[in-house]
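Next, two complexes with chain A in common: one pairs it with chain B, the other with chain C.
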Partner chain A sequence: MARAILEIVLSLVILIGLAPLAEGLLRKLKAIIHSRQGPPIIQPYLDIAKLLVKEDLAPTESWMWRVAPALCLGATIVVAMLTPIGGPPAFAFGGDIIVFIYFASLAAVAIILGAFASGNPYAYVGGSREMMMMLSVEPVMTIALAVAAIKAQTLTFDGLMASPVTSTPSISMVVAGVAFLLALQAQLGKLPFDIAEADQEIMEGPFIERSGPGFALFRWAMHARLMIFSAVLVSVFVPLPNLGIPVLNMVLTLAVMGVVLALVGVVDVVNPRLRIDQSMAYYARVVVFVSVLALALAIVGH
Partner chain B sequence: MTTAELVRALRHDFGAAIQSVEEPVSDKVRVAVTPESVVAVAKSLYRDYGARFLITAGIDSRKDRDGFDVDHIFSLDKEQIFFIVRTTVPSDGPHVAAITPEVPAAAWAERELQDLLGVKADGLLDGRRLILPDDWPEGVHPLRKDIKYGDWPPLGDGTGEATYPWKPAPEGTSTVVVGPFFPVLEEPTQLRLYVDGERVIDCDYRGFYNHRAIEKMGDSELTYNEIPFVAERICGICGFIHSSCYCEAAEEALGITAPRRARYIRSLMLELERIHSHMLWTGIAGHILGFDTVLMQTWRMREPLMWLCEKISGNRKTYGMNIIGGVRRDISRDLYPEILSVVEKIEQEWAQLYDAVQGDTILKARLVGVGMLPEETAKALAAVGPTGRGSNQAIDARADHPYAAYDEVPAKVITHPDCDNWARVVVRLEETLESVRWIREGLKEMPDGPVMATDIAETVPAGHWGVCTVEAPRGEAIHYLVTGGDNRPDRWRVRAPTYANLQALPSMIKDETIADVPITLGSMDPCFSCTERVEVVNMRSGEAETLTHQELLTRSRAATERLRGR
Partner chain C sequence: MNPAQVVLIGSAILVVGAAAAALSSRWRSAVGALSFVFALAASVLVFSAGLSVLLANRAVTTGTLVDLPMVGASLTFRIDQLSALFLLVISLVLALTSLYSISYITRYRDQHLSRYYPLLMLFFAGVIGVVCMADWLFFLVFWEFMTICSYFLVVFEKENPVSLRAGLKYIIVTHAATALMLIAIIAVWQNAQPHSFSFAAAKQAVGELAVAKPALLHALLALWFIAFSTKAGVLPFGDWLPDAYPAAPSSAAAAFAGTMTNLGVYGILRVFLELLPVSGFSTAWGIVIAVFGVGSIFVGTITALAQDDSKRILAFQMIGQMGYVLLAIGTGLYLLPVQPAIAMLAFMAAVFHVINGACYKPLLFFNAGSLLLRTGQRNLNRMSGLWAVLPLTAITALVASLSIAGMPPFNGFVSKWLIYHVTILGAPQLPIFVLFGIVALFVSLVTLAAFLKFLGAAFLGENMLPEEQAKVGDVPLAMQLPQVVLACVCVGFGLLPMLPLTGIHRAVSALGALESAPSLAGLVGSSWAGLELSLFGEQSTGIWLPVAGMVALVLASLLAYGFSRLGAAKRRSVAVWHCGALVDGERARYLVVEPKTEPATAEFESRYQAHGLYGAFKEAFQSIYPTVKLPRVPYPRTLMSAFDADNWLFQPMLRAGDWLTQRFSRTHSGVPQQYLIWQLVGLAVVLVAIALWAR
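Entry: the complex of A and B
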């Protein structure tokens, strides 16, 4: 029992606690490509700390407005407990891939509901964009995980991590991994897919009315997505060797996650923003050509 | 067609309606016509002779001839002719027939005439206020001579409920308000987008929040020699075009010829200004699309140019070099190599950027086919600058009405046939390279000699006039000057390019998505404060509070000295 609690605490520290640091490093990377100095890497922590002590201004009496940030971060914390980092997730039980997808979506739904509750037209536009992005990106992620589930004949990350599928390369897993990587950019709200927030167009859309602690929780949840989705990508789709010692596996996974996030960061810096219709068309093509291909390959056993 | 032939043709068509013709400088004509025939004459110029409408200047001439003069200024670009149609309306309840129904580009000019001079334009479809605030009392028209500069009309009834009569939202749309303050609008302006989901069905505009009455200042507070320095502060990005344009118009009205070297220096500074402005714009366009790497890198490339301008003029911006009759500062020959090396470094980096932009598929996906301004619309609304040239309108004041040194070293007019945001990007990217080429040529051709005219008469006769256009980075700026009796103009009319271009915005964003509105607006490089003839001041307040005026001056001069020593 004590060990289980320790594992949960450790994965929360890594996936939630270190998330703002990951964001800080990405900002630094961006600054270097911009030829500027950039903020200190702990800036996201400072931002969150500042927001937490500020007044929480509410444009509406709606209860949905008040609970949305907590719902978003809460769902994200549950997701973090279900996320494998080079080994079985901390809080494992049967069928946890489905629960993972369910709670990951719930976090996004909380953002959308909070946006609609605010009554602001920009938030409304941002919320509906977020919804359209979710509808076009979630299938990619879901199919990619389904490929792994079919290959390993299990619906748990526990089983997946124990299965040779995640440590030995195969064609279908590589293709599914590519699909997951393509979905990652949008899942993390990075350019060219940061359409829902698009500060130059709709002034951060869903978050326009947000300030103070509510905004801090949303920000933190957004940062945590960086860690969670890259951890799933690396743990499931990158065939890393099993080093035998769980801590070493975790460290190796974190190192590869760093590479993945740096790649995401570079793509973010060297691209302009797409329009919502363009990005939906893009993900429709990814679903049809990449995800379905991976699924077909997995079913025929490659 | 020469001016004489044009006047003969108009006399043939309109007979006695043409009351008088003046041509003080060749190819600059002002004809007086009867109020009844003004619409017909304007229509004939626009339809039959291909004249382009520039602007309307209303003048309060009640003390001379008990009336208001309404001067519609046209340009015949190919023939390099300015043609001004003047009509004088009686001062009692002044009204004039609107030319807008026949000449659509005049819409704002005639609304402004109603606001500022109180000359009612009969027949305007949209006669709402353009410039005056919502709570400004009826019947107070600031450009009339009986209103003093700085007069404030009696406050309203204090309810503060004055509202603007916005266009009603079309059936089934919701309203998204953009502005007056919005991240990608550097200056206050308001757009109301009537949207169906993401799609813009219609829009309405309200601006002029920053109007600071610079024209009024020019004809009641300042003297001829002071105006160039205020004119330069009309815009914080392309101010030098305004001081050049004013000085050239004034020189024409006063019969002064600036020395050739001074004219070359003006052109040189204008081209440096165009380069820095286009670089600035390219960065902002990248930022609007979320592409901040473009913003950071173009502004990094631009910085050495700002240092160069400081070295030449003492200021990064707002060079303060123009005076009537020439320029205040010569450029030492020792500086030529440095000017060349700075712009050639930019040329090299810019060519790389141009290649990168052309190869960027996502950038193209956002720009190609978006913000369409068809050729006919661009022509009807008289869009200027890269906005017009991106729609294949070869309008460039440097070629149409050469000023400064462009008669001797011409600049190539760059057009693009695609009529979309991409076309406007390409035009600006290429113009930057063309400006570098001009600077190289111009420096080679620049003659030695004085930079100021010396044979300037002490007294200035009233009633003379001059008109000049200067190609700003955003398009053509116009200054029209009528001399007055008290060492200041009787009327100084300024039209910045955005004034013309903004009128095309509704047709450019119609049926686009909300996501495309910022970049489409950005594609015309709007400069609201120029349009409104005000200055934008940025000060880091914390720093300014701890420094006295004298300290700031000392620091600023020390910085200039440091650069000189480099």
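Entry: the complex of A and C
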């Protein structure tokens, strides 16, 4: 019991607590590519702290509006508990891969309902786009995870992390990993797929009416996505050697996550934003050519 | 008295109730309550009977009520565990629908209520009859009875040509399907030795046909499958559903969604699990059924996304959800000969999804009805911000929407979770099932999108109702209560899935497809805290502890909320910011109010319409549901009036009943002398009778 609680706290500290730091590093990387000085790497923490004391403006009396930020971050915290970091997730006794996928969409549901509740047309557009992005990215992620599950004959992260599938390279897992990496960019809301937030166009879309503490929670949840999905990508699809000690495995995973996020950051800097129909067509092609290929390879046993 | 007899009495109460409602239907305010009393009595009886059969885990029968030895048919109420499970659901929907109707049906001020309550109760009597039959001939009789009652409910708004056309389509399509079933039943009867319609004889006959005439059996199974999937609303046979459900009053649509569509699944289970022996037929038909299931999931759900009418969204979602059930049944049938334990799990997932559907689908129709009552609108483009006015309806709609979209921790999630497990991991021999499972997982997200649209358009945003109407508050209590009860069931089954699964396990085991059904603990684990699957031997392949997940979610959300209050930020209400553009606030509210016909705004248009959502996605799939415009055939007038049974059969009967009661009530003149004369006449009659008898 004590051990389980300790594990949960540790994974939350890493995936939620360090998430703003990851964002800060990405901003620094972006600034270096732009030849700028850039903000200090703890800037996202400072932003969140600043937002906490700012006025909380509410365009509506709706109860949904008030609940949405806490629900979004709450669901994200549960997702973090279900995320493997080099080893089985801390909350693996409570849910499996499907539960993980669904809690991740619950966080998005909170964003979208919060947006619709605001009554702002830009939020409305943003919510609609957020949903469409989910519809196009989710199949890629799901199929990639299903490939791993089929090969390991289990849908639990426990079994998956223990099975040789995640520690020895295979063709289908590589292809599935590539698909997951392609989905990551949109899942994290980075260019060229930051269509739902699109700050120059619809002014943060779903969050346009947000100010103060509610916005802080949403921001933190968005940062946490960086850590959570890159952790899943590295833990499941990158065949890292088992170092024997869970903490060392975790550190190694975090190091590779840094590389993945740097890649995401570079793609973010050098790309313009796509339109929603273009990105949907892009992910449709990813599903048809990459994901289905990975699935076929997994089924024939490669 | 055994439970089967109790159910018989329950149905009899419904029939009596129907007669009572028909006779009292002139008193608009009383007939609803009167019907509810009868419905509640019947519901309690049927529920207790179903529960006792499930608890005893043993089938019961009334003994033969009507025997037709020359055709080999007999009317017997027989309740096995599967019937009992469906009876529980039916009785719940029966009680709640009648309660909801009391207030809801007052909306139809121009309609005579004799065309609603009696038919609703007869419909339920028919539904109960269908699940209690163990004889194909009487099964068909009750089936037909139910269909006809539901037809009259579909065309309740008889002045509306849209309703009439929907009703016509409904009755033609379902009768074509019934005709197919009749052919199948007669063919099986002919092959039974001696000729008999009983399920037992049919089982034997089908078993013999499987060996002797496989081609004929395939044809018969196809007929049965088409007949039942038409009723269940599986595409392409269920094309009547998106027209008929929205045409019926919301309360009747809720009754259909909670009971009638599920009977299609009931029939499929009876035929493919009870009659059909485990053989190559199971494998082949498993694939066919799964393909139809996935087709319905995909086409039905994606079409639902493009609808702007609250009830049409629901109707298409019914089709999609039925697809999940069929996918699970198909997977189970395919696996039955090779992996009986996983097959069993698939069947349980299917039945669980049916039961969950029977909770959230009626609830959603109730929600749509509440919206209709308070705003007069079904068009989501003309609704907005009703959370402020209908908070309870809004919360129950949220629960129902998240349930049907399969979000944890609600009940829809658990059954979908089981379906994903059996499809993605269960059938590695035929990889197409993996793809089916992934399609199901993806389309579940489309369902979510459709219901976020529903919630967003109807309940969120700026309130559309003018102040004096907003003051009225939520819908009447009789409409609130059914919504709350169903929402509680959705949450309860989601958190404690073992409760329904125990009953479902008994029901599926009783079908006898598996010679030795694996124990419940062997399938989903023995802990009441949640489900643990181990499809292949010892290793756990899936786990979901709803209570733990829920506690984690609530604690984490509270933690997040507490964190957000650390800065003690001040709250302030502001106007919506349109990036500096000046927007006329009143325009967003309402334009013209027509209080005479509709309780709310007729000309209101939401500033940002539901139709605008998901444009690019809808465009990508816009031709997924092709519609064929049928030419209008000019029918001869005599034929039309012959079809108008309302006019020449039902209305005259009612008028005659009305006339009789009026005649009878005339005896109550209030003049004492007249009563004395009546007494004297009565005395004389009695005396004469005694004298005659004594002689």
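As a working rule, the second predicted complex is superposed on the first by the 300 of 302 C-alpha atoms of A that agree within 3 Å, B and C clash if a C-alpha of one lies under 4 Å from a C-alpha of the other, contacts with A are read in each partner's own complex, and residues count from 1 in each chain.
One rule holds for everything that comes next: contacts are C-beta pairs under 8 Å (C-beta built on N, C-alpha and C of every residue); 3 or more make two chains touch, one makes a residue touch a chain.
This structure is a prediction, so every number in the text was calculated from the model and none was measured.
Asker: Which partner does A:D277 reach: the first (chain B), the second (chain C), both, or neither?
Answerer: both
Asker: After lining up the shared chain so the two structures overlap, which partner does A:L191 touch, if you call chain B first and chain C second: first, second, both or neither?
Answerer: In the superposition, A:L191 contacts chain B only.
Asker: Once chain A of both complexes is superposed, is A:V269 in touch with chain B (first), chain C (second), both, or neither?
Answerer: The answer is first: A:V269 touches chain B but not chain C.
Asker: In the overlay, work out which of chain B or chain C sits against more residues of chain A.
Answerer: With both complexes superposed on chain A, more residues of chain A are touched by C.
Asker: I'd like to know which partner A:E201 touches here: chain B for first, chain C for second, both or neither.
Answerer: first
Asker: Once the shared chain is lined up, is A:R36 touching chain B (first), chain C (second), both, or neither of them?
Answerer: Touch status of A:R36: first partner only.
Asker: When the two structures are overlaid on chain A, which partner does A:P121 contact: first (chain B), second (chain C), both, or neither?
Answerer: Both partners.
Asker: Quick check on my understanding: which residues of chain A belong to both its chain B contact set and its chain C contact set?
Answerer: On chain A, the overlap between the chain B and chain C contacts is residues 121-122, 125, 128, 203, 276-277.
Asker: Can you check the complex and tell me which residues of chain C touch chain A?
Answerer: My answer: residues 385, 387-388, 391, 402, 406-408, 413, 417, 420-421, 424-425, 428, 431, 434-435, 437-438, 441-442, 445-446, 448-449, 452, 455-456, 459-462, 530, 536, 539-545, 548-549, 552-561, 563-579, 607-608, 612-617, 619-620.
Asker: Spell out the residues on chain A that touch chain C in their complex, using ranges where they run on.
Answerer: 49, 51-64, 69-71, 73-75, 77-78, 81, 91-96, 98-99, 101-103, 105-106, 109, 112-113, 116-122, 124-125, 127-128, 131-132, 134-135, 138-139, 142-143, 146, 149-150, 153-156, 158-159, 203, 208-209, 212-214, 216-217, 276-277, 280, 284, 295-296, 299
Asker: Please give the residue numbers of chain B that touch chain A in the complex, ascending.
Answerer: Listed in rising order, the residues of chain B that touch chain A are 174-177, 182-184, 197-198, 286-294, 296-297, 300, 360, 362-363, 365-366, 513-518.
Asker: Would you mind writing out the residues of chain A in touch with chain B in their complex?
Answerer: Result: residues 30, 33-36, 121-122, 125, 128, 191-192, 194-195, 198-203, 269-278 of chain A touch chain B.
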